[in-house]
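In the two complexes that follow, chain A is the common piece, with chain B as its partner first and chain C second.
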Partner chain A sequence: MTKIKTTMVFLLFAGLLFAQEMTGLDIMLKVYNRPTGDDMTANLTMTLENSRGDQRIREIKQFLKEMGDMDKKIMFFISPADVRNTSFMNWSYADENKNDDQWIYLPALKKVKRISSDSKSDYFMGSDFTYDDLGDRHPSQDTHTVLKEESIDGVDCYVVESIPKDEEYMYSRTVTWVVKDKWIGLKKEFYDEDEDFLKRLTLKEYKEFGDVIIITNVAMKNEQKNHQTEMKLSDVKINTGIADRQFTERMMKRGF
Partner chain B sequence: MRKITKLIMAGSLVVASVMAQPLDFSGYARTYLGVLTNDSLDYAINQNTFNLNIEKKMGNVGFLANATMYQYPNSDLNFDLSELYMDIFFDNMDLRLGRQMIIWGKADGVFITDIISPKDLGEFLLRDFDEIRTGVTSLKADYYLGNNTLEFVWIPTFTSTLMPDESSIWSRTPSFDLPVTIDYSQKEVRGKLENSEAFLKFSGMSSLIDYELMAGTMWDDDPTMHISPVMEEGNPQPLGLTLTPKHHRLNLFGGSFSTEIKGFVVRGEGAYYTGKQFSALNPMNNMAIDLLEKDYLHYLLGTDFNIGETRLSTQFIQRAILDYDDTIVQDEMDNMMTFLVNRTFLRETLTLQLFSYVGLNFEDALIRPTIAYDIADGFEILAGANIFYRNDDTDPPSIQEMFGYYDENDMVYLKLKYSF
Partner chain C sequence: MKNLLHKLLQTPKISLIIILALTVFFFMQMKSKASMETNLDKYMPQNHPAFVYSDQAEEWFNIKDGIIIAIENTEGIYNTSSLDKIKKITKQLQKMPEIEKSDVTSLYTADNIVGTEDGMDVKAFYKRVPKSEEKLKELQQKVQANEMVMGRLVSADENVSLIIARIGDDVFTQDFYNRILDLGKSYEGPENIYVAGRPIVEGTMALLGPADMQKMVPIVIVIIMLVLLVLLRSVKNTIFTLLVVFISTVWTFGLMAFVGIPIYAVSTMIPVMLIAIGVAYGIHLYSHLEMTLLQKSHLSTRDAVEDMLSEMWKPVVMTAVTTAVGFISLLTSQVYPIKYFGLFTAFGVLSAMVLSLVMIPAGLMIFKLPKIKKPKNSTQSNTSFAHRFSNGLLKNKSLTIVITGLIIVISIIGMQKVWINSSFLDKFETDSDIVLTDKFINENFGGTSMLSLVLESDNKGAFKNSDALRVVDEMQDDIESLEIVGNSFSLSDYLKRMNKVMNADDETFNIIPDSQELIAQYLLLYEMSGDPENLWKVTDYDFRKLNITVQIKSDNSKETNKVIDKIEQYRDEFAGLGIEMNYAGSGYKALVFTDLILEGQISSLLMSIIIVFVLLSFMFKNIRAGLIGSVPIIITSLISFGVMGLLNIPLSTTTALMSSIAIGIGIDYAVHFIDRYKINLAKTEDMKLSLGKTMHHSGRAILFNAVVVIAGFMVLLFSVFPPNRVLGALVSLNMFTSFVGTLTVMVLLIKYFNLFSKNNQRKENDND
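Coming up: the complex of A and B.
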């Protein structure tokens, strides 16, 4: 079973059964390398909530596929109405030194534009998730330490602190609670460049498709600004044999 | 006869299959008020717009109709059927037939290889990008080879650029010392097979580079003004001038590319045009009444990049007339730049943007700051300004000044838009 490096942060929250006495890096590599299927189709609903409780909804249809040493993803924006029919395609590579390739199709302009992928710290569609949060950050980019073992609501977890090797990275550190038996991240805390607590990611739901675990509901709360984003996956389909041609300029323009 | 029957039956099947699915409606309503900031404080625009997009897709066929109604105070409704087309999708090929907008190239706000859909310049370049082009009835066929596409476009009947009314503040008329009569008798291009337009493009998308190679045979969207003096027998001095707008045939080939280098998206686009008519000075009377046919090159180089959360873009554009003759009115080289700065705030609900064209030959510019706020999903309020700058004090401004010519048309405006 090959794996998909999806852009969803869900994938940081699953793992394999593992041996005892693993290092922080071992744990995060297991999470990173977990089986996720050859392809996936799903509807994504993002609910953005501000400090007053006002909500805005973003709906997306997405397709993901692993193709050898690269993963391809295409997203079609369904709502709100002013971004309807916009599509976004991302090709990411196993080679850590190679940047993602990204394109956006803007229906008003009726053309596909290549865009810079050098904006990982930008927030995705105004949500509390940065592009990097949604990406597949390789464990070798951070130094990992197992801080402790902890049980949360009866679920045994390893608590792993990850400190980026790049001092310019947007987070000074993250702390992840990785479930021992499932190897799913139960929660993750992010600290800003000043080492102040910034935001918390919480797992709300996951589904198992054979040996593939897909997180289907997570919430990210920005504690400094008191707003949050919930991401829900629905109508999830795994290994349906999505054709390679789904990830082309033709489909970006045509839609799903 | 049997063939015709089969065609009708096939067409009926396509229509029936399309109609079997529910329609998908979208569009927007918009109110738009602009005020000139000169002494007159006249309204530059006072417009209400309703756009409706009806779409249907089912399996291998699809249909789209996009219509816009414009309402102005004390005026009839203006109706524009922007697009109306059918799609037929095959495994490796798509066919689109009907009135459609076709956009080529990698340039932003500049038309180099993006010359298939005619432009609506009724408000100069100020319309939104989805309104500045008009649909054109055509056949478009795309054949796909992996990430490469071969596209053929055939336009049976030529449609010219829509120019502003003569009474419009955006009208641009050459000035002469003599009385002028305009003869429109040759402006229309008759709809017949030999007058059709055809374009071919081969494009590819890869991790390394996106590219397009294109060629076309077409009519010049902008009519050439043929100017002839009105003479009286026995009088060597002309009594007036007759201006006869006429479209001429153009051929072009060109291409474009886009790639990313260390976080910078680098774009280029260029086209070589043959058959263009340029106004030239008559050596006898020093009036711009002659025409010279010359080839010219039109190209740009641009880059898009981010600094923090701010998105920036700049382009350099040059049009060079080849085998230049000193009597040609236009400069041999016409240079322009564009600049874009864009940043969002408040979880992408507030957007500040500055876009500007800068003409380097005449040191003129169009500067377009905007601030847009999403009141709620689909509801947007936008305030902006269009500032025309010219460095030349000569009066009246030269018609060659692309932006400075409208120095008196500075305006501020407000738009409220609801998308559904």
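Coming up: the complex of A and C.
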């Protein structure tokens, strides 16, 4: 939802040129640019499960806001108890060459610290999602092909294969089932560098708020490690007009 | 039995054809079904608590053995070529189907967690290989500042860097081993590439041992054949004596294949046992035949062979049965390969007995008696030598007793020093490539052998508690103070690093944080920024379990036990915190496994001595005969262990099995001698004369037997594989001591206890 204006122009042309057939890139851009509201407040429950069936559950209160050429996100841990009030802030930029800015506040240390990573391929908080998987990867970084159209449980989908332009990228390819007209991924399969099947993302639930669709339950299963993560949103509120000053180091310390 | 053997004599051809048919059958079985079992884990008793625990812990923390590839550039590793090689080797290893991508660690894959003024930074050391001078310098500085990498992946002198690929127990194959070695070789020059690590050592051993045996065994057989030829003075006799050994070996392995039991590493010792034990039957039979013919040259073939059978079938059956029972006592072992080893060797020994009693007479019937070349004055001088020896022995009995007593005392002292070694590396030549590579890596890095210490508590979050972690940290410092320990690694190292990094790299914060909250928050932070998978190698989801890895510079059992002793000092302190301690990992399993083998070996040794005593008493219907007959075995075992202790040869799976040979051979000598003595005494009723006669008859055959086997096994002293050398030396030693013990100490005991003599024989003693 960052580059809405440029994309709108682009889409206008694309729409004129390929009025009938949508290309893979068109579809993936539609997904990338699907409106998700100006801001969102929700409770996130993240359930991690390893191959032995051990579970870890984290409860997080999160705030998101789209601000021009950047997205800001702030997360407050509610449980487990020993990390309560730990907060995490992320500023993600439309400029692909600019790395995200990230801060963490550790209440036991009473300090906000910047953390940085050079890789979008890092896993998010020990889950099976990378930052890229969570929607940070721009479609222009891959080459997309529509493999076929398919109906899954009565839902019509485009099946799009995406191959990264950078050969060193962690996935050799992904295949996404995109729901027609809704532009949400119903499922997605990831193949590792050696082209072996790695993991599968499954959409379990979504909610429509007017023309905004919010995915409220999604699971990722790493088939090689037999490890999975479920992310569930509850109490979702959109467009409540969260103030810009909510996304500062001071607020990280203060809590929600 | 006797009647049956005589009946078989009437149809020698049919007997031979049946034996041939059976041999062909077993050979076909062996050819089509035999399989080697090389996975060492299959040897371990799967339900032993130590193994069950270790296997479980290996699964919890993904504990695996690492193949270590070291890349050395004497000009330093911070140059474009060496860094490129590190990257390429890493990627190639990651692509191998046997290796999981995340199990490869190198400077290329490692995360560099560094503190910055306002926070923390997690980056790769390099993605694209740095080319410019400044970039290389920058990388060098980054490595120097990170103690989680410096000294672990890069050596202190910055000339060596490691690439570690951890592999599961079940993926190792010969082909994989070759591919790894080829991979290393292809990157040689100007850098030196070394390949090491437990899987490589195990792999090399699995290849080198049998390969060396394959080379040496034919030479052993040739030497035995030549010596037999000289002693038996007959090509036919030599061939039949050896055929007994070969065919019994084929039957044994054929039966193994037939019932579907794979060939384990210890099973390769079966032929060794059968050679050492099996030639005896032929030698005794032919020796008796020759002596009979020398006295009664007019005998027809049939009569001579019948005489041989009636005189000799009993001692041959007795020796075989007692030897077999000795091996069967190995069934008490908890280790399946050892059970099978005992069972099948017993089968082999009994086969050799049957073959000797059927095939040798049949062969004599068909191919006629060997021509006895009467050596000029041999019989006379032989006889007189035997008598002179036996008389001299009786005269100087105090000398024999003193020497024997002395040897026993020294042996018992030596036995105290016997130690057990489960080391693989110690099995190689000290200047072999594999030992030198290991030494090289141990000099530059933490250590090539791993011991995992697993801590467990009933309470969730136990290892987020700073009190518990402080004890862990203190213990790690303590272990690391041992010279043999290079490094140790646990959750505490992560926390100390995080604490330091989050406090602007201040060294005073390189300690365990105070509060559980801070620890939990650091861990959360680590998960956000590092590779969270790493965390599950040191703890579990609930922080109830902890895995502490200790890197040891040797896989020698003595050294490993030193480390364990140190760790054990903390058992009570951990118990006070509600924490239980256990060990895991392949090195530890090998340690326990070796103990198990030896425990079984020693108890079965004791048991077989008792069984032998009972059997002998029963066979000779005389308890004294049982006691006296057991003496050579006891002396042989004592000396065998004593010499090992004195020469610092540790007990291992192969050397432990040597005691079985001591029993097998010792008992044969004793039985032959006692049986012949009983016959002679019954005839002459003169103890001295009987002893001399027996010395001439059985003593000669025993001497031949000892000479043949010792000559053959001495060949193994030229083996390139040290365990095979030890094997050769110990078999020869056991043969020698059994031989000497039987013909000296046992003879004296027979005399002293007036074995088999009637009451009135006392007067004999007055002559001395």
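As a convention for this text, the second predicted complex is superposed on the first by the 233 of 256 C-alpha atoms of A that agree within 3 Å, B and C clash if a C-alpha of one lies under 4 Å from a C-alpha of the other, contacts with A are read in each partner's own complex, and residues count from 1 in each chain.
The rule is short, and it goes like this: a residue touches a chain if its C-beta (ideal position, glycine included) is under 8 Å from a C-beta of that chain, and two chains touch if they have at least 3 such contacts.
Everything numeric here is computed off the predicted structure, so don't read it as measured data.
Q: When the two structures are superposed on chain A, do chain B and chain C clash or fit side by side?
A: Aligned through their shared chain, the two binders clash on chain A.
Q: A:P164 in the overlay: touching chain B, chain C, both, or neither? Say first, second, both or neither.
A: A:P164 contacts neither chain B nor chain C.
Q: For A:G255, using the defined touch cut-off, is the partner it touches chain B, chain C, both, or neither? Pick first, second, both or neither.
A: A:G255 sits against chain B, while chain C stays out of touch.
Q: In the overlaid three-chain picture, which partner chain does A:P80 touch, first (chain B) or second (chain C), both, or neither?
A: After superposing on A, A:P80 lies in contact with both chain B and chain C.
Q: Identify the partner contact of A:D192: answer first if only chain B is touched, second if only chain C is, both if each is, neither if none is.
A: Touch partner of A:D192: chain C, not chain B.
Q: By the touch definition at the top of the document, which applies to A:I104: first (chain B), second (chain C), both, or neither?
A: second
Q: Is A:P35 contacted by the first partner chain B, the second partner chain C, both or neither?
A: neither
Q: Quick one: classify A:R245 as touching chain B (first), chain C (second), both or neither.
A: The answer is first: A:R245 touches chain B but not chain C.
Q: Answer with first, second, both or neither: which of chain B and chain C does A:Y123 touch in the superposed model?
A: Both partners.
Q: Kindly point out the stretch of chain C, out of 289-297, 487-495, 595-603 or 685-693, that overlaps with chain B after superposition on chain A.
A: 487-495
Q: Following superposition on chain A, which residues of chain A contact chain B and also contact chain C?
A: After superposing on chain A, chain A residues 48, 50, 56, 80, 82, 103, 107-109, 111, 113-119, 122-123, 125-126 contact both chain B and chain C.
Q: Please name which positions on chain A make contact with chain C in the complex.
A: Interface residues on the chain A side: 48, 50, 52, 54-56, 77, 80, 82-83, 86, 88, 103-104, 106-109, 111, 113-119, 122-126, 168, 192-194, 224.
Q: How about chain C: which of its residues touch chain A in the complex?
A: 60, 94-95, 100-101, 116, 118-124, 127, 461, 464, 502, 513, 515-522, 524-525, 527-529, 531-532, 535-536, 540-542
Q: Can you check the complex and tell me which residues of chain B touch chain A?
A: Going by the criterion above, the answer is residues 26, 28, 57, 89, 94, 101-106, 128-130, 142, 144, 146-147, 149, 203, 205, 207, 210, 258-260, 262-265, 267, 304-306, 309, 344, 347-349, 374, 376-378, 380, 417, 419-420.
Q: Spell out the residues on chain A that touch chain B in their complex, using ranges where they run on.
A: Residues 48, 50, 56-57, 79-82, 84, 91, 93, 99, 101, 103, 107-119, 121-123, 125-127, 227, 245, 248-250, 254-255.
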